[in-house]
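Heads up, there are several structures right after this.
Next come two complexes built around subunit A: one with subunit B, the other with subunit C.
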Partner chain A sequence: MLVILPVFILFFSFFTSGKETLIYLLDTVLLDYTLNTIYLIFLTSVFALLFGIFPAWVISNYSFKGRSFFDIALYLPLAIPSYIMGFTYIEILSFTGPLQTFARSNLPSLSNFLNQDYLQIEVLGIILGLALYPYIYTASRISFSMIGSNYLNISKNMGLSNFQSFFKVVLPLSRPAIFSGLFLVIMEVLNEYGAVKYFGVNTYTTGIFRSWNSFGDVDGAIQLASILIVVVLIFFLIERLSVKKSRFYYNRNTQLNIRYTSSGIKPLIFWVICFIPFVLGFFIPFIFILNNSLETFHLADLSKVINLTWNSISVSGIASLLVIFFALFFLYVERISKSKINFYISNTISLGYALPGAVIALSLMILFKGSLLVGTFGVLLFAYVIRFLAVGKSPIQSSLEKQPETIDDTGKNLGLGPFSLLQKVHLPINKFALLSAFIVAFIDILKELPITLILSPFNFDTLATQTYEFAVEEMLPLSSIYSLIIIILGSLMLLILKNYIDKQIDVSKS
Partner chain B sequence: MKKITFLLSIIAFSCSMNKELPNEVNLYSQRHYAVDELQYKNFTEKTGIKVNVVKANADELIERLKNEGENSPADLFVTVDAGKLFNAREAGVLQKVPSDAVNGNIRTDLLDSDSYWAPITYRARIVVYSNERVNKSDLSTYEDLANSKWKNRLLVRSSSNAYNQALMSSIVANLGGAKTQAWANGVVSNFARDPKGSDRDQVKAIAAGQGDIAIVNSYYIGLLLASEKEEEINAGKSVSVFFPNQGPGDRGSHINISALGLTKNSPNRENAIKLIEYLTSEEAQEVYVNNSYEYPANSLVQPSEIVRAWGEFKIDKLNLNALGEFRSEAIKIFDKAGWK
Partner chain C sequence: MFLKVKNLVKNYSSKFPIIKDLSFSVEKGELISFLGESGSGKTTFLKCLAGLEKTNSGLIELNGKTLNDYNTFESPQKRKIGFVFQDYPLFPHLNLEQNITFNLEKKYEKNLDYILKLTGLKFLLERFPHELSGGEQQRACIARALIREPELLLLDEPFSNLDTTIKESMREEIYKIIKKTKTTTILVTHDINDALNISDRILIFKAGILQQYDSPVTMYCEPANCYCAEILGDMNKLFHKNDTYYVRPERVRVSKKKSKYKVHVEKCFFQGKEYKVKGKQNNETWHFFSKDPLEENKNVYVDFGEKDLIYFDPVCKNFFK
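This part shows the complex of A and B:
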């Protein structure tokens, strides 16, 4: 109940407060902002799908040189916060950046061509696509690996080429998985504020902040956020329904799929398909940030670096544990009670993921009005849980849904109560899913910015807030050591996650 | 059971963090520069008073102050925009700063007539121009930026940016709504490209030849010139600084302040006043100018060498509260003019 409250508060304020700013924004700029948002979502989705699906297909089905390396490396862009990706790329491409500087002194003919205005919505779409494609890659990688070779053999017998079977058989079968990845991408774009503002692209979220930070009208911001929730809710239901309809696919096709060994020009093409998203999405920004960190290392305050690293790790760790605790609680209650109400509650709390962090922080400030609670770690952690519950829920949910209900019945017959059933049966069989939920939540909280800023206790800085402070003051090189640690920590966690995904794929095949 | 114990220990931990220590002062700050940390450290060494800081956007902090009400632990509200102090005052979360708390050498033209804030530094929003493509004699006033001679030559960042909002508010206050709207329309039709990027990016765009003049805050030029990267220094050198509206009888260049507001329910009022005294003193003001490229509020202190090289200038004497008072009107003008 406590977790769902902030959403209600938003709706309550929607109906009770003045609508001047809302009407003003509707009359003037909101249509433009909404169209921009749709266009940006479109661009980002196209690039995220391109960068996500094709490498996933290649890696799931073919063996070629570098395959096992890419299988790990393609997850890594998830460790780079999208606004850092945006700032970094503009710095690299800018007139004073390495690329143009190099061209001016060595390739004068090229330098005029390179001298462009890169702060364009299309460029932003590519950058966000690079930052977010791992969501699609992860989802489709698992799905592609689980589609048994039966389907492919049949489609071959029917005379379809590899290319045709991919588009006519594999993609439709994997649609729910890809859609759930795409859903996360869209939510992230809706939430994006730092990079979007820097690029001068006004999105719907810009409207929320224009109401709050420019007109000083909190009610207007809340009303815009409420409208956003409703739209997202519709998307969300579509996603849940599409997953529900197609749940049977995976369980039936557990046969090992045979990897085609490839020769000739093909391995090179495969290699390029995997190389592009990795290099653009991770390698280039990582090397640039690493280089900046080394150059500014003498300016860094090491005790501060250690202190902030500890803050980030501890707060992300504790919050992620809470996330999986609550996620498990809601999902388990939903499972054993079978009441429709619990289904709705369990799904409504996931909506926090669609809300900009600043709006969640705002609703908590209203919720705890007049008390001393805001500014305590308790409220900060609570806000993280609301924001990231959906992230933690999804792996646990898909894992729980795969366990047949007969398990519960058997447990009950053996005299286990609900609690011991959870402890003795569900926790052990779902332990990989719990680990995976912990890791994705951890990485997201590590990168989190607005909630940490607004609700933070005194003197509490994290790697993300420090990075942002330097970046927003246009001192990007100084921020690099902090963003470097975020990226390294995130990458380490992703390596562990990758290990888990392999196990999941193996389990489903055996 | 373990989980419950764990949860309880977190709650206990969080509560213990909130216990009030006797000798401290609590800041809600919109400023987050490295120089601030240095100032607070020096203050603590001098007085033994610990400085605690929460850093976030001004509007978010005002909201936090409003919702915490009487229980707010904050003593000082620190902003980089007089407009936000005006909002905070309107929201009823500030009290007057006793006049003897503010150092006597603070420039009187920066003080609030109702004494709701103590200024610490100020910055001008100025015009920079390409040394290659612009004659200094072509520049004169903010009003002149709407002149069609600047068509496709003017660069500026987005209207979501508070510095632009404050500038527009000052023009509304000086010229009135109708004239300002006409001005904004003219400025928008002169844009070399859609508004975007940071102030620094506008300067780089001049260096790259994408435009000829830009509206930026003074200290960013200082930051570029003091950069560690040669290419950035070159970009900074490719432009010159121009202070608008300096002619005889003209109003002067638009400025904004960084300032401290004393919160209504400040629990450590004595310590807060000591910090105001310290930060407005010559000693602390020297630290500001040597670590950022802002102008000192204390008239006995000289700006840094890079900043001094731009020469002295006349500041717009407009009551700084106008920067908050006319903010909504300013934003509507932005929207109407299509200034993204």
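This part shows the complex of A and C:
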């Protein structure tokens, strides 16, 4: 019910609201919204795949200088919210930005060429690709490492070059993993609000906000949100069908992956392949924001900075705890009950991640309209839990699945009831997974924008909402300090997560 | 009788019953081997005994106490049954000592030293499961089960994950431990040598029904039906007095004199103590043993005693095809 509720409310409102608005939408903006959304998904997917797959392949298979650094650094763009990435790049590329200023003083012939309107959907596609490629990178990295070297050795033995083996063996075998990563990218694009609004690209999400906020057109917002859910469901079904069709039961770790030490020009090529997404996706925006923060530090209201940092940390922390509590509850009940109904319930809650934040927020506004709950932390936390339950569920689920059923049977045989089995066996065994779930949910909630903008209690701001507000008011340098804190917090969390993942890998190896 | 199982039925769906109707009993201190093919429901049966699976009907009684019948279901936590699972599930977050004493009642703590000595684990207490060999993990699981003085010990394919070199010594070791502690034990296995070597009695289970329940020698020499005969080792088919009989390879001797049975030798495998010979007798594949190597593609004469012949009713003979 938790996840189905928003969808149910929206569809109910869709069928009970007047049809005039829908006809108006069909006549005017709907086609524009649809085409823009599809085009943006296409552009972002292409760039996210390019920036994600090739570094993952290189890191998984070759040993070269800087490999360990890139293995961590390539995850870091996850710490930068895509709207901050968008604001930053537009500032860097603008007429008064460092690139054009440098060109005007040193390369006048280039300056005219660089003086363009960068607020274009194509530029946004590249920027979102840079912000979201870590989803593809993570999925591919795990898949490439698991395939092992046996399949590659066989394909080489059959006369395929490394390059051919990659396209004919590795990519097809990793298709389910890459597609799952791509699905997350697509969902993020559909959910994106801050950057698309800033770029003036009309998508479903910006349409919902515009109808709701600017025109006060609730019916229009509901109808757009309902259409968006249908779009999401179509992608969801495509993902499920595709993964189901191409799920290969290859032997994991047929042989531990051998990392080839490369020589000659190759290490340089590998280095460049990893360097480009890292520099464009993290280093440049980070340095630019850091520089802006230092320059505007004297203008910053420090007590406000501390206050908003505390708001962000506390709300993200509480929501993440709730997320792991509910995720663990659903998964554990599914495990011990072994009933089909619980299996379906547990799977349905994964749908929440596919629901754009604006849709969830809108449906909860409709649900609690007129009640005292509107504008309370309870509703905000409820929305976060719906949206990010699947994020927290994923690491816990994969960890629980690694524990054989005989672990539970042994516990029962040694006298443990369900609660003590959880407390004495599953909590300690899965502690890394619980921590991973907490960190992943925390980073996502820290960056979250649409839900926070719509459902935050009055006078409650977070780092994310403050960054957005400064940006839309064209005071980007002043937003830098808030962006910087989000990035630093996110990066620290990612580094802790990476450290725990490595520890887990070490344990499973030994 | 110490353990009594009567008319036990277990099915996951009515179309595919796992256990159709099983009745047998075990005396105190006996070691019973439960023999059947993979997927025949052996593990399910052990789980029913331990209370980890519910039965559809039937009675399970242990030491005079009803664990399971139409009205009763004793929870797995309350049954005094030790279970050693096939994949040695030691808790990965606990060391060996913590695993053995996991959720242990105070009254059993005094057994720790004795069990550790018995299982030879005394110097490995601080180690975590991933730092133990397969054999050590297995002994740890047995120690964890035995320290609680179970009334019944269930061993589910305990040797299947071990390589052949340590399998034999482990088998002997476990047998010694069980007999020393006089623990009534049911060993589930699909390996005939496990069953023949250490069991007091063997129970053969096929298609959800008990086929035979007897001592290893009786089982081997007087199998109740052709399935039991086949599962316990090779059988050579022959025609004698207008009927079909079978003879065990061990009973066949190579004869220097001309005899009624001529075998065309196809292969002769050296097996250390003697040679195992595969050949054709009257178009039937035969196996037997020879002290000396036999030349391939040549004929030899073989013989055996009339009392070694085994006869089954005609319906059952198809099992050997």
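Just so we're on the same page, the second predicted complex is superposed on the first by the 413 of 510 C-alpha atoms of A that agree within 3 Å, B and C clash if a C-alpha of one lies under 4 Å from a C-alpha of the other, contacts with A are read in each partner's own complex, and residues count from 1 in each chain.
In this section, contacts are C-beta pairs under 8 Å (C-beta built on N, C-alpha and C of every residue); 3 or more make two chains touch, one makes a residue touch a chain.
Here the structure is a predicted model, which is why all the values come from computation and not from measurement.
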Which superposed partner A:Arg210 touches (first subunit B, second subunit C, both, neither)
first
Just to be sure I read the superposition right, which of the two partners does A:Pro172 touch: subunit B = first, subunit C = second, or both, or neither?
neither
Have a look at where A:Tyr198 lands relative to subunit B and subunit C in the superposition and call it first, second, both or neither.
first
Chain touching more of subunit A, residue-wise (subunit B, subunit C)
B
Just to be sure I read the superposition right, which of the two partners does A:Glu295 touch: subunit B = first, subunit C = second, or both, or neither?
first
In the complex, subunit A residues that touch subunit C:
404, 406-407, 409-417, 420, 424-425, 428-429, 431, 507, 510
Subunit C residues touching subunit A - in the complex, by the definition given at the top
47, 50-52, 76-78, 81-83, 85-87, 89, 91-93, 102-103, 130-131, 144, 148
State the interface residues of subunit B toward subunit A in the complex, per the touch definition above.
3, 6-7, 10-11, 13-15, 17-18, 26, 32-33, 52-60, 62-64, 67-71, 73, 87, 157-158, 160, 162, 165, 193-201, 204-205, 207-210, 220, 223, 228-229, 231-232, 234-235, 327-328, 331-332, 335-336, 340
Within their complex, subunit A touches subunit B through residues 24, 28-29, 90, 94-97, 100-101, 115, 117, 119, 197-202, 206, 209-210, 212-216, 218, 295-296, 318, 321-322, 325, 358, 361-362, 365-366, 368-372, 374-379, 381, 453-454, 456-461, 465, 469, 473-475, 477
